Structure formats: C-alpha cells, structure tokens
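Letters A, B, C and D mark the chains in the order given here, with residues in each chain numbered from 1 onward.
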Amino acid sequence: MAEFTKLLKEKNVTYRPGGCGKIYTDPDADRARLYFRDQKPRKMVEKTTTVSEAVKKLINDGDYIGVGGFGANRIPTAVLHEMVRQGKKNLGLAGHTATHDFQILVAGKCIDRCDIAYVVGLEARGLSKIARTAIESGVIDTTEWTNAALTWRYKAAAMGLSFMPVRCMLGTDTQKYSAAMEMECPFTGIKYLAVPALYPDVGIIHVHRADVYGNCQIDGIMVADSDLARAAKRLIITTERLVPNLVIRREPTKTVIPYYLVDAVIEVPFGSYPGNMAYEYFSDEDHLRDWLKAENDPEDLAAFLQRNIYGVKDFNGYLDQIGGMARLQELRYQENMVEK
Amino acid sequence: MDYNDMELMICLASRYLEDDSIVVVGTGAPCAAAMLAQKLYSPRLMIMFEAGGIGPMLPSMPISVGDSRTFYRALAASSMPEIMETCQRGLVDYTFLGGAQIDQYGNINSTMIGKDYKAPKVRLPGSGGANDLGSLCWKTMMITPQDQRRFTEKIDFVTTPGYLTGPGAREEAGLPPGSGPYKVITNLCVIGFDDQTKRMKVESMHPGITKEKIVENTGFELLWAENVTVSDAPKEDELNILRNEVDPYRYIIGRG
Amino acid sequence: MAEFTKLLKEKNVTYRPGGCGKIYTDPDADRARLYFRDQKPRKMVEKTTTVSEAVKKLINDGDYIGVGGFGANRIPTAVLHEMVRQGKKNLGLAGHTATHDFQILVAGKCIDRCDIAYVVGLEARGLSKIARTAIESGVIDTTEWTNAALTWRYKAAAMGLSFMPVRCMLGTDTQKYSAAMEMECPFTGIKYLAVPALYPDVGIIHVHRADVYGNCQIDGIMVADSDLARAAKRLIITTERLVPNLVIRREPTKTVIPYYLVDAVIEVPFGSYPGNMAYEYFSDEDHLRDWLKAENDPEDLAAFLQRNIYGVKDFNGYLDQIGGMARLQELRYQENMVEK
Amino acid sequence: MDYNDMELMICLASRYLEDDSIVVVGTGAPCAAAMLAQKLYSPRLMIMFEAGGIGPMLPSMPISVGDSRTFYRALAASSMPEIMETCQRGLVDYTFLGGAQIDQYGNINSTMIGKDYKAPKVRLPGSGGANDLGSLCWKTMMITPQDQRRFTEKIDFVTTPGYLTGPGAREEAGLPPGSGPYKVITNLCVIGFDDQTKRMKVESMHPGITKEKIVENTGFELLWAENVTVSDAPKEDELNILRNEVDPYRYIIGRG
C-alpha cells in the first residue's frame, strides 16, 4: 500500500513545446463552459430546417469544422456540397481520416488550414490530386497529428477539459510538426504529450435516426462522433430518417447524441452518398472513381463539379443526377449482400 | 505454382500472425494477410479496425477501415477512441503498416517526400492511425516492396516510430517499453531486428533471391542472421485461398 | 490563430500533493500494459464456470475490488455473497456509490480499505449501521474521493493512462483527504487535480446478456462499468442469460464488454437481487429494509446472515429462501409496472 | 390549506427551476421539487440523474438515482462519466444538494461529524456526486431544515464547495468561474448569496416566521436583503400535485 502512496510527492517539472505547429482553436475549458452555458440550446423544441438554411445560419467563413463519420463512411455529404455551393471560405478542418469529405471541401476551395492526420488519400481507392496539390502548394496550412491524437483532442473537449495526456507521436517528426506539449505524469513520471482540447466551431454529423428535437441514434461504429458532438460549439445533424420522439425513448440506451447538443436537424435520405451508410447502402465506388479521374484534368473536374454540385439545386438533385433510386437500390443490394 | 510479389508477401506475412492474438490492420495487403491467416492458420485471430470494428465475420475485403464490412456480424461495433485506447492499454499484439520510406531502425515515412515540411515535393497520405499503432501496439510488422528508394539511410520524415535512433531510444522518448518493429516482409526477404543494435537483420531470403540482389536494393547496411534461411515459397493452399476466398477480385494481389 | 499558438511555451511548474490520503493501487500504465499483455486472455474460448469456482480462483485475500452497477442496481450479488461465504479477507474496494454491495462485504468483514465517495448510506432507504461502525471504528481505512473522481480514475486506466486531470474536489476537505496531485494545464494554466489511474485487481459486473466467451451487452445505464471492465486486471461477469454468440453478433453496436476483457462468465438469473435490474425486476425494498433492521441487533444480524448467506449453498438457495419465483415474479411486475 | 415543512420547502424550491433548463437531482426532496416543477411550471425542465438517466418520463419517485425509473422512457440511458462530463463541460444549469452542516458561504458537510477524520464521531453518507455537482454545475441549490446545529460558523468537514472562504476563493482554488451556491431553501426562509461578500443573505421569510426565529436558528451572522419579503405559501395546486402525483406514498413529504 505504502509503495503507491509514496508517489505523492512535490516535484518541479518543465512543460516544453513538443512541436512547432499551430493551434487553430481555443483549448480553454472555461471559455468553452461560458459558450455552452450561454449559447447551447436547452429548449427541447423542433429544430428541423433545410440544409441550405443550416449552412447559411450556422457555418461562417473562417469557422473551424469537424466532420463526422470516417472518410467515405457515414459522412454528411449534403451539408458538404451545400458549403461548396454557398462558397464558404477560409475554413479550418479536423483531418482525422477525412477522405471524400476533404476532397469535396478542397474542390470548393473552402479550406485554408487543417489539423492533419490523413486527408489526401482515399484509402484503397488512391490519392486525390487536388488534395495533394492544395497541401504541396501551401494553399492549406497544416499542423500534424494522428487519428488517435485528434480523437483524444475531441475527447478532452467532450470531457470539459483543456488538454489530454497521450502516448502517441512521441519521438517522431509527427510530434515535431504538431502543437503538443511535453509533460510528465504527476505520480509515475511517465512521459506524455499533452494535446490541446479541440472545440470545433461547427460539428456536422450524419446519423441513422433522429427526432425533430435532435436526439440521435447511430447504428454500427461511432468513429469519433460521440466526442465530436460534445466538443462542437454548434452541431448540424443530417439523418437518414426523422422518427417520432417515442421511437428514441423506446431504446434510450442507443441514444448517442441528446437534443441539447444539437442546433439543427435535417432529414436527408441517402445522405452519406457516395459514402457507405452501414445497414443502408454501400459506397458508390464507380462515382468515387469518376471523381478521382476527373481530377486529372481541370476542365473535366469543373464539368464534374458543375454536373454534380453547382448545377443541382440540392442533394436530391444530386441523387437524381447520379442515377436516382435505380442506382441507390443497387447500392442497397450491395450493402445487404443481396445477389441480383 | 507461380505467384507474384504481392501474393508472396501476403502469404509470408500471414504465417506470422499466431492464433489467439489480437491484430489491428488497415486495408490492402495487411488485411489480406490477416484474412488469409484466419482462414488457414489462426482461426481465432482477432481482427480489429481503427475506426471501431472488432472481430467481424469479414464477408469480403473492406475498401475502408471504416466501411460496414469491418463490423459485419462483429463481436462489437465500437469507436476509434475505443480501438486506440485498447492499443494504449497494451492489449493489441500486432499491427501491420506500410510506407513510402523506411530506415534501418524501422522508422517509417508516410507523410511527405522532400526536405521542407511547408513545401513538400510530394505530400503522402499521412499518419492516419499508423503512428498510433506503431507507438502503442506490441509488435509492428511491415509489408513493403524493397528498393534503394524505399530502404534508405535517412528518411525524409519520421511519421511512425521504429526504434528511432537505436537501443533505448523508444523508451527515452516515452514510448511504452517492450513495443516496436518486429518483422519487415518484402518482395526479396524477411527481415527482423537485432536485439542489441535494433537494426534490421535479414532472416530469410525468398526463393531465387541472392544476397547481392538484396544489398543492391537497400540504401543502408543490413545485418545478417547467423544462418540466413530460404523463405518457404507460398504454398498451393495459401495461394488458392488468397485468390479464391480472400481477394477474388484481385484488388490487392492484382497490384503485385 | 496566433492567439492560441502562443499557448505553446516553456513553463516551469510544481506538482504538489493535493491530499494526505493513500493510493491503494498501482497507477503505473507501463506495468499495467505488461500485465494486460501477459495475463489477459486472448483466446476466445468458453469461460463459463461456477460462482464459487470464479471466486476461489480469481479473488485473493488482499485484492482490490471494483463492483459494477450502482449501489442496489445491477449489482453482482451472487459473487458478493460467495465472497462472504468463502471468507475473503483484507480486500480493498472502490466506493463510488457502493451501498448494498458495501453492506454485504462489510457484514462478511471482507474489507479493510476503501476509496470512498458514498458507502454508508443506501440512498433514500437510510444508513447502514454496520457500515458506519466499520468506518467510525477505523476497521476500514479510507481515502476520500467523489463519484466523478472515481469514475474518472477508472477512465484513466481504461484509456491506458496513469492519471486524469479533473476539476472536482478542488478547495475542499474532500481534496485534503484524497490522494490527488495539484497540477496545471500545459496550455491554459487552468488548475487541475490529477487523479491516479485506478486499475483494480478484480472487477465484478452483472450484465443482461453474455455469450460463453464473455462478450457482454447491458441494457439501460452503464454507470461506470464500461471503464471498470477495461481497467480491471481480472474480470468476473455474471449474466441474467447466456446467449448464443450470434445473438451478440446480431447487434454488435450493443456490445460494451468484448470477450478479451473477461476471465469468467456465469449465468445467474435474478443475479442482481435484491437490487434492481432494469427491464427485468425491481429492487426488493422489503428485504433491504429487513436487512437494515437486522443491523440494529448483532444477534438479529447473525441470524439474518445465517439464513440468507451462510446457511444457503448458493445464490439459488438464497432466492428460494426469500420466497422463490413467487416473490421474484412480484418484483418483475413492479419493474414492468404490471398492476396486480 | 395546511402543509408541513417538507411540503413547504419542496413547493418553494420547485418555483426556482425555470423551464428549458437542465438540472441534475438526487433522490428525495430535490427530485420531488424537480418533478413538481415539471408538472406545474417547467414542462420542458430537463432532469438528469448522476448514474446516467437523461430526460426520463418519471413514472414515480425513484428510490435510487440509478434505479430503472431514472431512465424510464428516457431520451438517453447513458453513464456516470457522461453526466459528470456534461457538468464539467458547463451544460448543467442547476443542481440540488442537502447536507448535515452548512456555513455562511454555502460550504456543505455531508461526510462526517467530529474533529478527527480518522476517528469521526459520526460518519455520514459522504460526497457521492455532491462535490462534483457543487463544483461543476452553474447554480447550486440546497433544501435543508434550519437550526443552530446545521447552520454553523465552522462546519466539521467541507465536502462540497460553496464560496469556500469568500469572494474569489472558488476561482483561486481552480473551480470553474461563474459557478456556485444560488439559493438555500429552509423551513424558515429563502436565502440567497450576497454578490460582494458571497455570504448568505435572507431574501424572504416564510409566512408566520419572524426575523428573531431565523436568527436564533442560525449559528452565524446572516445578511438581510434591502426589503425582505414574505414567501408565498404553497398553493393549493402545488400541494395537490405534490401529494397526489409526485409523492402519493408520502416517502418524502411524510418526513416533513
């Protein structure tokens, strides 16, 4: 017993900058508390709106954005396209495996800074030329992190803290270009990197079901969305289906995002297209390949974006454009492994 | 039976994943190796994906480490923090990484080519979870083609820690003691790491590969095991299962 | 942007003991990693056993115990009774709202130290005389914490860390008699208490359903059990029902405890009795009142314990003793609000 | 209409919980006050319980803050860390606490009576979540009978922080700025806290209660508001709903 109590002793230590990167968002937990006290909606009232209204009202040029899902899985495509249509500018982004979402925002020239872990590749699908160029040319300012570091930065914020100790990045150039601080454990002396809490201005998450107040349930992996929803100052939810409040109350264990975290909720069927939505539809690999191919020629890309984003009124217009329900049904068959 | 480099590397890698161990894999060759191991050698190999999938009944090769295949009939569909914290807690035995450059201590670069971080010659995909897995899992394995460009004395950017600058360097940096690079499986040989120096040590050369060929495809001095053996070529059942069950559409082995 | 990057600067700080309490368990994350690497079962094999075997094999005198649930809700009563029957001694306990569970272990004289947040009361039911006496007399050594502090100590361990910064206890006698360290945020300078990670020797949790390998699902509130299951070096699961592995795989989103955290799993129907089990049965308030009443007279208590614990072979014997299925069915009616 | 002290305190407390706010309550009087407020004044008052229940349709008075009533048809059945982190993040407006002793700064003792921690005269239930809620929620309310023993100059143990030693002390200790005690509702009066001194200040005396009575039941010097009013007695509809819907079995109001 004594052995461990001995760990309680006064120590003088030095906190040292562990990297030369930038901190794009305010990690201060007290300022975040005041924001949450004064700005977070406590009223359990209807928050349904349209994607264009939500983007107009809740996303400002210069904001720092956190996008839910994982690259091309359960992403809020409708909101991302609308941000491009509305020409949002100078946005910051949390890039823990942001793939197609990053690609969309880069195509719209919306981003000028990024906390970066994985953004220029689309995993097995290959690399995005425009994403690479944007970073190689310095158009987008970057600070290095890892997927774990970014998810733990969200968690620090979700817990109401200003930092989190982590054991990744240590000793590497990833650390050197991060904005972490070197510290040690007050009890054991174990070396840690302290990563700053990440409170995005806006979080955008696509879910399986939500009620009109914004109580949300997600089926399958959460990725980092439980923490992102809590860390974000403003939160936009798109949902495959709006359901009655009693459907949420029937299985409260499944609720990952309670209404008081949510500022706007919009029903967007197939809202993760061309991304995968677990149990609903698989990713449209042909469409993602076409997009990557179009990036090889500026004119092809311009035409592709005109056809799929600028030239359509809204997300349903996009779905019509890519083949409508016939195509979407094929993707549902793929997801559910129905042989046709 | 004939085979290409990718098939060779996947078959060899699959033999190192012992049954009843836990591995976090990415898409591509690592996932193929894990699936092959599960079907042939280690039926209870526990596969995790960094986005949250735990122990799925993989119906086919995932396209993303977060797509729905990664938690199809899984034991648990969890979260990214859950997987990363399971690694940090010391429960994950193996991980599999790739990269554009690797040095003699197993440090990996998957971030950029060039000298200036602010103006890279080429920006690569980046760490994603690679640095986390290479920092926190017990044994890191790598699957990579071997040539002078990739196996280089000085890599442009240390994305993921190998043994850093040598013995004791990981511990000195604060990384969990006892973790680090384990095997590097290339198209030419299987490489381990020397206990004393923590430098790469060739353990077996693939059939038909000479020491000279390996040397001329390596940008630093390799150590050689007492008795360097010849790697067992891919077996017929390995290739059959890999081609017919694991990667029927040749997504991965097609690149070999 | 610059404003926040300025937070990255070298600072000399002093870590100070924030309390005079004891640290009963090793917070060292590296030693925990080695334990988990070498001792945690990776084999997905059948782990079903009996309560008495599990208690014999997995709980040693002197061990430090973490109990799941919340006081008299979803508690692993069968294991607690068996610990008393086997006369386990000198145990430590994590006391975040431990009520009837604490009462049982005190009655069996099993505990000699306790990280204490709430243990002598049974909430609205009143106070346990023997629990009070055990602490007032000094038979049980205590260190002060709060419910949040203890749940965050579990979380630190579950995350593979050796400490967690928290904003509770500050400035109070609760802090003064805790074993926390005073520290500050490397970025913002916000004052925190660092609480040591809590890795119990044994965790004991009762769940709604588990398969024979130990994959577990819980319906309703998790309390702190998700973190406790990950923090515990050894983990004993009792479950209302053993279900086929495919039942778990049908809804993987619901799995809170994967098999590789589990050392033993036992089906114990009504295993939380006399505690409440959400959706299954309500707490037996009459029985809990009888127990509290019996504590007023040593002979009454001895007789009560003889009748309900020492005098019965196992948990089913206890259930027969308290009125069997007839009584249990009444409690099920209460839980499901069926008027009879 | 006649009423007892407990009914009086619950009715008065219920009036302070504004609609569209979030409150974390324990069992007993606080829960009764919140339920009464919800039925009468603040239909959208959001009730949380520290074990994880969020926004239940409370069918009856919970016996435990973790029993199944606390998440019956709830918006979410979460966890203890989730609730505590929601408080730490600054989303919870109100909490309700009780205690054995309280001082002029609203510091509360629910841990022990006596001078020696290692040998307390009486061991009390302890903090549980009280210290956390009093540290992290914005406004702390207390419901307690008032007498010399409870309202004392020096409490034996500061379990939960009020304003500690006075102005600036909470911030100095590192507690979140802007949080702290809000109202104390006793069987004699409603007490607030003076902005300058952070000391208790009587705002209204209950019907029939004199200043003298309050003074002789208080172990320290109270401040008095400019114009101390008379508290509105419990209204008929308050008492009817409290007795017939909130606490029909008189678990709580039976103690009054």
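Definition applied: a contact is a pair of C-beta atoms (placed from the backbone, for glycine too) under 8 Å apart; a residue touches a chain by one contact, two chains touch by 3 or more.
Bear in mind that the values here come from a model prediction, so they are computed numbers and not experimental data.
**Q** Which chains does chain A share as contact partners with chain D?
**A** Both-contact set = C.
**Q** For chain B and chain D, what's the span in angstrom between their mean Cα positions?
**A** Going by mean C-alpha positions, chain B sits 58 Å from chain D.
**Q** Need the CA-centroid distance for the pair chain C / chain D, whole Å please.
**A** 28
**Q** Which integer distance in Å separates the CA centroid of chain A from that of chain C?
**A** About 35 Å, centre to centre.
**Q** Can you list the chain D residues in contact with two or more other chains?
**A** Counting only residues that touch two or more other chains, chain D contributes 71, 77-78, 87-88, 136, 176.
**Q** Note the residues in chain C that touch 2 or more other chains, in rising order.
**A** Residues 29-30, 160-161, 167, 190, 192, 219-220, 252-253 of chain C each touch two or more of the other chains.
**Q** Once you draw an edge for every pair of touching chains, what topology comes out, line, ring, star, complete or other?
**A** Other.
**Q** Taking the touch rule as given, give the residues of chain A at its contact with chain B in the complex, in rising order.
**A** Going by the criterion above, the answer is residues 69-74, 95-97, 99, 116-121, 123-125, 127, 132, 135-136, 138, 144-149, 151-152, 155, 166-174, 177, 190-193, 219-227, 276-279, 282-283, 285, 335, 337.
**Q** Where on chain B is chain A touching in the complex?
**A** Interface residues on chain B, with respect to chain A: 26-28, 50-53, 59, 63-68, 70-71, 77-81, 84, 87-88, 107, 111, 117-132, 135-136, 157-161, 164, 169-170, 172-176, 251.
**Q** Which part of chain D faces chain A closely enough to touch in the complex?
**A** Spelled out, the residues of chain D in touch with chain A are 20-22, 44, 46, 54-55, 57, 71, 73-78, 85-91, 93, 136, 138, 176-178.
**Q** Spell out the part of chain A that touches chain D in their complex, as residue ranges.
**A** 29-30, 32-37, 40, 42-45, 157-161, 215, 230, 246, 248-250, 252-253, 255, 258-260
**Q** Considering the complex alone, what residue numbers of chain C touch chain A?
**A** 1, 3-5, 7-17, 19, 21-30, 113, 160-163, 165, 167, 179, 181, 183, 185-188, 190, 192, 194, 196, 218-220, 252-254
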